[in-house]
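By letter and in written order, the chains are A, B, C, D and E; residue numbering begins at 1 in each of them.
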Amino acid sequence: MTIYMYVLAYKMNGKFWALTDKEKENVNSNIIHFINNYRKNLISIKYYKSIRHDNDILIWSASDTPINLEGLKEGINSAIGIYGKSEYSMFSLYEHSPYVNATNSLEDTLKTEPKKYFVVYPMSKDREWYLINYEERKKILAGHIGTARSDKESPGIISYTTYSFGLGDQEFVVLYELDDLAAWSHVTEKLREVMARKWIINEAPIFVGIYNGDKLVI
Amino acid sequence: MTIYMYVLAYKMNGKFWALTDKEKENVNSNIIHFINNYRKNLISIKYYKSIRHDNDILIWSASDTPINLEGLKEGINSAIGIYGKSEYSMFSLYEHSPYVNATNSLEDTLKTEPKKYFVVYPMSKDREWYLINYEERKKILAGHIGTARSDKESPGIISYTTYSFGLGDQEFVVLYELDDLAAWSHVTEKLREVMARKWIINEAPIFVGIYNGDKLVI
Amino acid sequence: MTIYMYVLAYKMNGKFWALTDKEKENVNSNIIHFINNYRKNLISIKYYKSIRHDNDILIWSASDTPINLEGLKEGINSAIGIYGKSEYSMFSLYEHSPYVNATNSLEDTLKTEPKKYFVVYPMSKDREWYLINYEERKKILAGHIGTARSDKESPGIISYTTYSFGLGDQEFVVLYELDDLAAWSHVTEKLREVMARKWIINEAPIFVGIYNGDKLVI
Amino acid sequence: MTIYMYVLAYKMNGKFWALTDKEKENVNSNIIHFINNYRKNLISIKYYKSIRHDNDILIWSASDTPINLEGLKEGINSAIGIYGKSEYSMFSLYEHSPYVNATNSLEDTLKTEPKKYFVVYPMSKDREWYLINYEERKKILAGHIGTARSDKESPGIISYTTYSFGLGDQEFVVLYELDDLAAWSHVTEKLREVMARKWIINEAPIFVGIYNGDKLVI
Amino acid sequence: MTIYMYVLAYKMNGKFWALTDKEKENVNSNIIHFINNYRKNLISIKYYKSIRHDNDILIWSASDTPINLEGLKEGINSAIGIYGKSEYSMFSLYEHSPYVNATNSLEDTLKTEPKKYFVVYPMSKDREWYLINYEERKKILAGHIGTARSDKESPGIISYTTYSFGLGDQEFVVLYELDDLAAWSHVTEKLREVMARKWIINEAPIFVGIYNGDKLVI
């Protein structure tokens, strides 16, 4: 099965923030209600509060049918209506990495309970990377993966690498689920010293989601 | 006959998404109705839902008369009115490639049924490319085209290269019709390793359209 | 006489596009009416529909008095009112090129009938260009001008080079009047191979105007 | 204890500026009232008028619980409602620098009275920096810190380096409290000559806050 | 005395341009009235119409008290209310250049009558500049200043170099008062050939103001 992944970020506007608590709860309920009804069209869907000022809700979904992800966008747009708008999206393909041997089912990894935090960002490599021969690249990435996995703060961080070649403005969309943001930040900093970073040309914007159950904007 | 090509992307706003289903259908009908009446002024026109958050409708049209493409913009603007706005456009010239021998009629290739997916993006090359002599460039591109065509996942992908020199902010607008997004993404990734990529300096934004008949925003 | 040149681009909004045809005609008349009354303050003024999505009207004017160009902006702003807004402008000085001998009156060249198409864009050169000695630069540009003029598709293209040093965000504003967009695009592409392009660092956005008499947004 | 830091910038809109003085005071009171009630969820919170045109209020907060910082955003959004919106944010981790020996409690440094001015900006280093070995980097930074500390205008400037790896679009968020903006600017200029600057690739936007008690937008 | 400088750019919106002449005059009066009352808090204030499309008013002020400049922003915001908004600002320090001997009082130079035109833009130099030793830099700048001063079109151009290190997104804010825009543009173009330009990395946006007495937007 082919798995397409889709991340959406929404920002609520002043008309929303000026509502009473009760009215805000209604908007929140509309969003959750739509998602629950729509869930059957998806492999998985998780949602988070966003720490950034330029969006308030992060939605992470997967489906084997791209139009179902587009339909998710339309449905959430309609649930939010005049109270906000989509501000970012990333569309990608979730497949086994050619650099790593894996036996797990990709679909199952998505159907877990959300961890406390969700991190996602786009990533691209410069043109030189792709002119290095495959075996050499494999070796360089093995160094990267080794450092990442062996770090004492890595346990508890689940990472997903997805492919966005020809599907979006980045080559990769990388996603993480984790329970400790400080540990995550330490590992990220430590990986700055890894050789493989030499070819990375973009890793922004970085979105940090906080899992808060069904309370997205209240 | 000279063929001009024009891609338009529209985003609907919160006022639209807050409408009832019936009202949304009316807006959708206005757009389709205008397009059907206007079709006689064009060589071809196809339309798609867009997977991106920053636009919802993609329109791909061709005409031998540039003002008819401008008129298309005005007409769709009017059909959408206060419910959205144009967010992107690309204007280019569709001609036989100087690097490839071809005998087909360009006009006929446009008059086919839409495939499941439509991909389009702007593309430019750096200054060094144009200082390489023509025969050398021809050889480099032959390598690119050979890799693209021989890939086992390429069949079913129709590509259109159009020229935007002096007409828009990019040198080329490249367009694809295809039925399998995952296969398309695999081919795109594989082409990263081709020599000709060394001179490519921009390939964003990438727009992915999903063909959904006359239902554009419903 | 010193000639200042000013290009303005306006985009109409959803409130405009939702008007009836009759109401749109009134807005269009207001714009044309203002321009006709204001023409006495200018050396020349021509106007076009714009092919781009991000603006609908292009206005190209010249005056020996900068405040008259600013007054043009205010007047058109007022004629358009709540139905649109200015989205781009370029202010420059129209003078004889130091690289070309010319005997014509610059003022007269502006007072011609509009051709079918108008193309304008900002242009800058990198720092290295200006460190080359003047005679060498003159030779490089002579090659560029020779290629441009000798091309079989060049006849019918009138070009204007204007100077924006210290007046705007670009060094040059280059403008063209022409009747055949495909020929124009071919010449532009051919000039990509000219040595002088090595130092060009920006040529966007490119605006293409279509002359449509007094019908600007109808 | 892990300390997360969060800077928010808000811009008030025309609807706000058109209010009477009395009405503006009410909006100002709502913001201060919310902050005072919310203070118990935070380690510290300070607020400033902003000198920039693109935002009017700067809020600097710290908490050991990220969701409390997100809640701060929601609360201020609600207090401001239709009269403005968040325009920037930076989220980071406040920890002892690995390059400096320190014995003070980070928490205590935050609980001081605001100085007259607050300066904050994002900062990132290029890829080459992280490929230099740790001891060499330590030596380079020691030079930077030495120059900064020994400057005769440095006393009175308190600096905070925080870490944003994987948490935001920058690697560091650097913050300063100071009483003399001219002295601060002189020190900043002098540090341009320090070797460590060679690897810095971004230091914008720079936000300057002015402490004005509880009067934020009046 | 320390002199802080502050440039503000405002754009009026469609609601303003749709007003009657009389109503526009009232808005204009509100702005001028506020400025005249506020002048006592400043060292100097001058104002101009702006030639750019993206702003209509330029305000150039100086004060020894930063909060008085912030108060200027708030006051003009309030005078304009729903009819426009601030679109740009630059905050800097006006001091004697370390490269030039000067004996004049900086304060006095500001208290002159406005010339016909005002030009202002941000400027930054690349990292390499600051690694050159001070004496060498002094020599390079002397060449620049010599060329600028000796040009036959330079008389009548007054220049102000101000320092924005750590205060804004640029290193310098450079300002000019002049009576002849064509002469100014010629001098600017000629300075492109000066060695010192090799290290300049940004000089945009360039704002050109036209002095029109108290008529700012009428």
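As a working rule, a contact is a pair of C-beta atoms (placed from the backbone, for glycine too) under 8 Å apart; a residue touches a chain by one contact, two chains touch by 3 or more.
Since this is a predicted model, take the numbers as computed values, not measurements.
**Q** If you walk touching chains, what's the least steps from chain B to chain E?
**A** Tracing touching chains, the least step count from chain B to chain E comes to 2.
**Q** Over half of interface residue numbers shared between chain D and chain E means same, under half means different, so which is it?
**A** Chain D and chain E contact each other through largely non-matching residue numbers.
**Q** If you average the CA atoms of chain A and of chain B, how many Å lie between those two points?
**A** One centre to the other, that is 27 Å.
**Q** Hey, how far is the Cα centre of chain A from the one of chain C, in Å?
**A** Those two chain centres are 44 Å apart.
**Q** Could you say which residues in chain D touch two or more other chains, in rising order?
**A** 13
**Q** Viewed as a graph of touching chains, is the assembly arranged as a line, ring, star, complete set, or other?
**A** Basically the chains close up into a ring.
**Q** With touching defined as stated, please give the ring order of all chains, chain A first and chain B second.
**A** Read cyclically, starting with chain A and passing chain B second, the order is A, B, C, E, D.
**Q** Quick check on the complex: what are the chain E residues that touch chain C?
**A** So the residues of chain E touching chain C come out as 12-15, 17-18, 49-54, 56, 117, 119, 181-182, 184-189, 192-193, 195, 197-198, 200, 204-206, 208, 210, 212, 217.
**Q** Write out the stretch or stretches of chain D touching chain A in their complex.
**A** 2, 4, 6, 8-9, 13, 66-67, 69-70, 73-74, 77-78, 80-89, 91, 93, 95, 127, 130-131, 163-169, 171
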